[in-house]
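Letters A, B and C mark the chains in the order given here, with residues in each chain numbered from 1 onward.
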Amino acid sequence: MPSRHDPHDPDSNHGTRGDDAPPTGTGTPMPHTTAFARNQWYVAAYSHEVGREELLGRTVLGEPLVFYRTEEDGTPVALHDRCVHRRFPLSESRLDGDRIVCGYHGFTYDTTGACVYVPGQKRIPRTARVTAYPVVEQDSLVWVWIGDPALADPQTVPRARHLDSPGWTTVRGMEPIDADYGLLVDNLLDLSHETYLHGGYIGTPEVAETPITTEVDEGAGIVRVSRHMDDAECPPFYARSTGIEGRITRWQDIEYHAPCLYLLHSRIAPVGVLPEADGSDPNGFHTEITYAITPSADGKVYDFWMVSRDWATDDEEVTEFLRGNNHTVVMQDVDALNLLQRTLGSERSGYQELSINIDTGGLAARRILARLVEEGDKPVEVL
Amino acid sequence: MPSRHDPHDPDSNHGTRGDDAPPTGTGTPMPHTTAFARNQWYVAAYSHEVGREELLGRTVLGEPLVFYRTEEDGTPVALHDRCVHRRFPLSESRLDGDRIVCGYHGFTYDTTGACVYVPGQKRIPRTARVTAYPVVEQDSLVWVWIGDPALADPQTVPRARHLDSPGWTTVRGMEPIDADYGLLVDNLLDLSHETYLHGGYIGTPEVAETPITTEVDEGAGIVRVSRHMDDAECPPFYARSTGIEGRITRWQDIEYHAPCLYLLHSRIAPVGVLPEADGSDPNGFHTEITYAITPSADGKVYDFWMVSRDWATDDEEVTEFLRGNNHTVVMQDVDALNLLQRTLGSERSGYQELSINIDTGGLAARRILARLVEEGDKPVEVL
Amino acid sequence: MPSRHDPHDPDSNHGTRGDDAPPTGTGTPMPHTTAFARNQWYVAAYSHEVGREELLGRTVLGEPLVFYRTEEDGTPVALHDRCVHRRFPLSESRLDGDRIVCGYHGFTYDTTGACVYVPGQKRIPRTARVTAYPVVEQDSLVWVWIGDPALADPQTVPRARHLDSPGWTTVRGMEPIDADYGLLVDNLLDLSHETYLHGGYIGTPEVAETPITTEVDEGAGIVRVSRHMDDAECPPFYARSTGIEGRITRWQDIEYHAPCLYLLHSRIAPVGVLPEADGSDPNGFHTEITYAITPSADGKVYDFWMVSRDWATDDEEVTEFLRGNNHTVVMQDVDALNLLQRTLGSERSGYQELSINIDTGGLAARRILARLVEEGDKPVEVL
């Protein structure tokens, strides 16, 4: 059952210095990278990035992967991206129908990862095989399971239906960041940075000023952070694209499904306009901001960002405006996180952070991630 | 009391192989970097680099610092360049009057380093504070004290009055070098390299040929190296800018105040023209070449260079000529030291140097630096 | 005496997983770099790269070297590329006749490496000397001996007479590769990659399909790999440059003299045209492809490539065509090996390779190199 956290009592047992808590000893250095949680689903690509003719290479949790689609039904395939012979990346090779032909010596693999041809001899060594990974394609996303395939349950892939539903229009992109994925989790769980890092775009003074409420469902691994602004300045791009004049009611409801999926339910409406008693909300403007936070390698993360709306869905001008505007905002984060990672890399060990109320959600996320890491590292019990 | 060193007997007990001394064992590798001397004043910036509106980030002895001036009286402020919250560099932030507003989440600091605003709550954690560093602005230089602030005595900042005095005109610049600061100390203490590295500019055959005398004041941490050439070729730029025809008397008197300030008193005059008995020297041309050697991080140094003259002080053509000419010379050093650092970085451990008479000053400087490093690392006695 | 290896039974005791052999333990990681074999001759440069006026810097087996020619008879000189004084690279200096004058402080060395001048004093320290290396210039190549000079026997430098003989025309180049030299040895000993990496250039399906025979002369350190295609497609550039129409007999006879010299004797002729009974071969087209594989530093190798022909020797168009075509092919290898090295650098330790018949020659080469490394590391016996 979810527990409601007192925002004035953030948990500070996570290597950071709590609000007014005595400094933790300098003997406990903050790591510059967050460990990876195995036995989890991760977004490896957008559906449109995986094709029948081109190979797509991506590294997820340090595992090099190559993606393509079968000719017959277009099912996505994910194989380990290293030829068994001399470790050449298969993503630098070519497709021959449903088979990958290694670009160096021609070792050829089918969709199951089995080697079906080697040069210079008829007999295929029986150990010649690359790992095939469980894949689920859903809501325009290609998810891959990193860990023990026996544990992969497609039913547990979290949903983001608005990405691929009628009535919604989505703009999206992906930026690789040279930063620990934990820094991106921090960034997204605490939106008070909008006021400072994204001032003039999505940030207004009210975001930083308005206190948050945080709910944590430890068992499900979900963190919810809400900030409801009753009377706020309307960010220029919202004013321009919704036609609202004057001040607004602005709700930001974060729902983070650790480790990978981040949903931000955004609602704006003229001040005082609330949803109906039956839950419908004809006069609100709803924007679903979706992120997939996919750790690539140590200190590297893929930042998949998507912005879906249920208003002005056919207005190309609004679409192009949102595409450009959100790309700018994402790049502000990318620049800040690249800088922050370089900065942390030059810190002496033993440095400290100081957390306050706004960090309650981020600290809960770190705590859940630490548990998922631990669970993912456990040897699987034999039943 | 200063001791006069016999230039034919340089001390060779500093990890280098002395003139004809038996090689030291290969088991004592030369480090590629010189340790930092704490509890000392260092030049962090020129006065003109620190302003009321822009933040200046500099790293001194591995400490990230941010500099600006107060609105009221323009006093320079130096704070630790990391927000206490998530370590974002404050130098990438903005000023709001005399306060720095962190560019990530808006944590705000006053000139003493105290945090005066955090987002989302009224109470400021009492541990929210960044270090403020003692600063002295003097002779157009901004000095910062790295070490225990209780030991910072503004009276001990060494002077370079010619940089900011009537009767002198100065050209200057700063080049960051990717080299151990010890290599820059070596470079400047042994000017025989002018003949080879700066041939055609400030080097003539006499510089390398003329023996030096060296004086070391161990207690004050000052090394003096003098080379008096009685009958020397006039370097082209001196000939052009002073109007002297024919050969010259050329004196180079180095005065290195370890660890940071290097003064080179240069005097040229036509051959045979000496200072008067009363010490005045109306027929000599005096140039004060000042360097501040400020270690930034391991293997990185700021090379502040200044050239001041008491002749043709209003001649813009001479000023521009000296600015360009000295920049070229400095860049020859920068290129050589960058190369040398890369070279040493690929050396196997246990490599050796061979020192000769010209290195007497540099070896004394290394010895003094080693003592300052040791003193700076000592715990401060409680009185 | 050479032993003929059964191509169906490659030796698999070299850290790789043999054809169908059980996987070796994951506790024995593959190294990413091959150790260096000392007490061997290596090609450091082409004759035309070493001159009387310019200094050439090259690093061989981690030893920084500087090359030039004497004024009198043009003999190549190889000295250690570090000044004894402060380790400045002599290759960044200048020649004064047969002497190198260090570009930093003027320390001057003769062709034996003896220091003959130092600045500021008359006496030269007797330890002031840089190592001079044994050099042999032969067949348009400058070979250097890395190891104990007392063991350097010019008679043991392997020959490649076609590079500098009448009746042959050669195109050549050198590419530095950021890859372990062992990867280049692998690449060249197994030409089945031509079909995949060089398809459309020198690769045709028959290369990958035709089994090889391998002979290893362990004592002499020579590996021979032969692939005789009796009825093969003619690669476009051969068709164009020889005028042969239709299918060909194509022989590829590799002769690798470990560690540095690789010869590929290539013969093509119309199908059925064989050498005469007396060994002459007036109707065959002979191409000698020569490589010198010179380890530079860990993970870096110089790829010297030369293509010599005994046909159309005066045809400039063929020469230019071969120069461009072979450069393209070499760059395909360079790109693949740079990529492979980066790839291996990100592998977790304990990864495995899987070797098959085509690798018989490469595995034999690795075995011989391992022995040469071991012999080169042994202390020399005192007789």
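Criterion: a contact is a pair of C-beta atoms (placed from the backbone, for glycine too) under 8 Å apart; a residue touches a chain by one contact, two chains touch by 3 or more.
These numbers were taken from a predicted model, which means no experiment stands behind them.
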| item | value |
| --- | --- |
| Chain B and chain A - chains in contact with each | C |
| Chain C against chain A, contact positions shared by both copies (same if over half, else different) | different |
| Superposing rotation of chain B relative to chain C, computed on C-alpha atoms, to nearest 5° | 120 |
| Centroid distance [mean C-alpha coordinates] between chain C and chain A, Å | 48 |
| Residue list for chain B, restricted to those that touch at least two other chains | none |
| Interfacial residue positions of chain B with respect to chain C in the complex | 8, 17, 19-20, 23, 186, 190, 192-193, 195-197, 208-212, 336, 339-340, 343-344, 346-348, 351-358 |
| In the complex, chain B residues that touch chain A | 62, 64, 82, 84-89, 92, 101-106, 118-121, 123, 125-128, 297 |
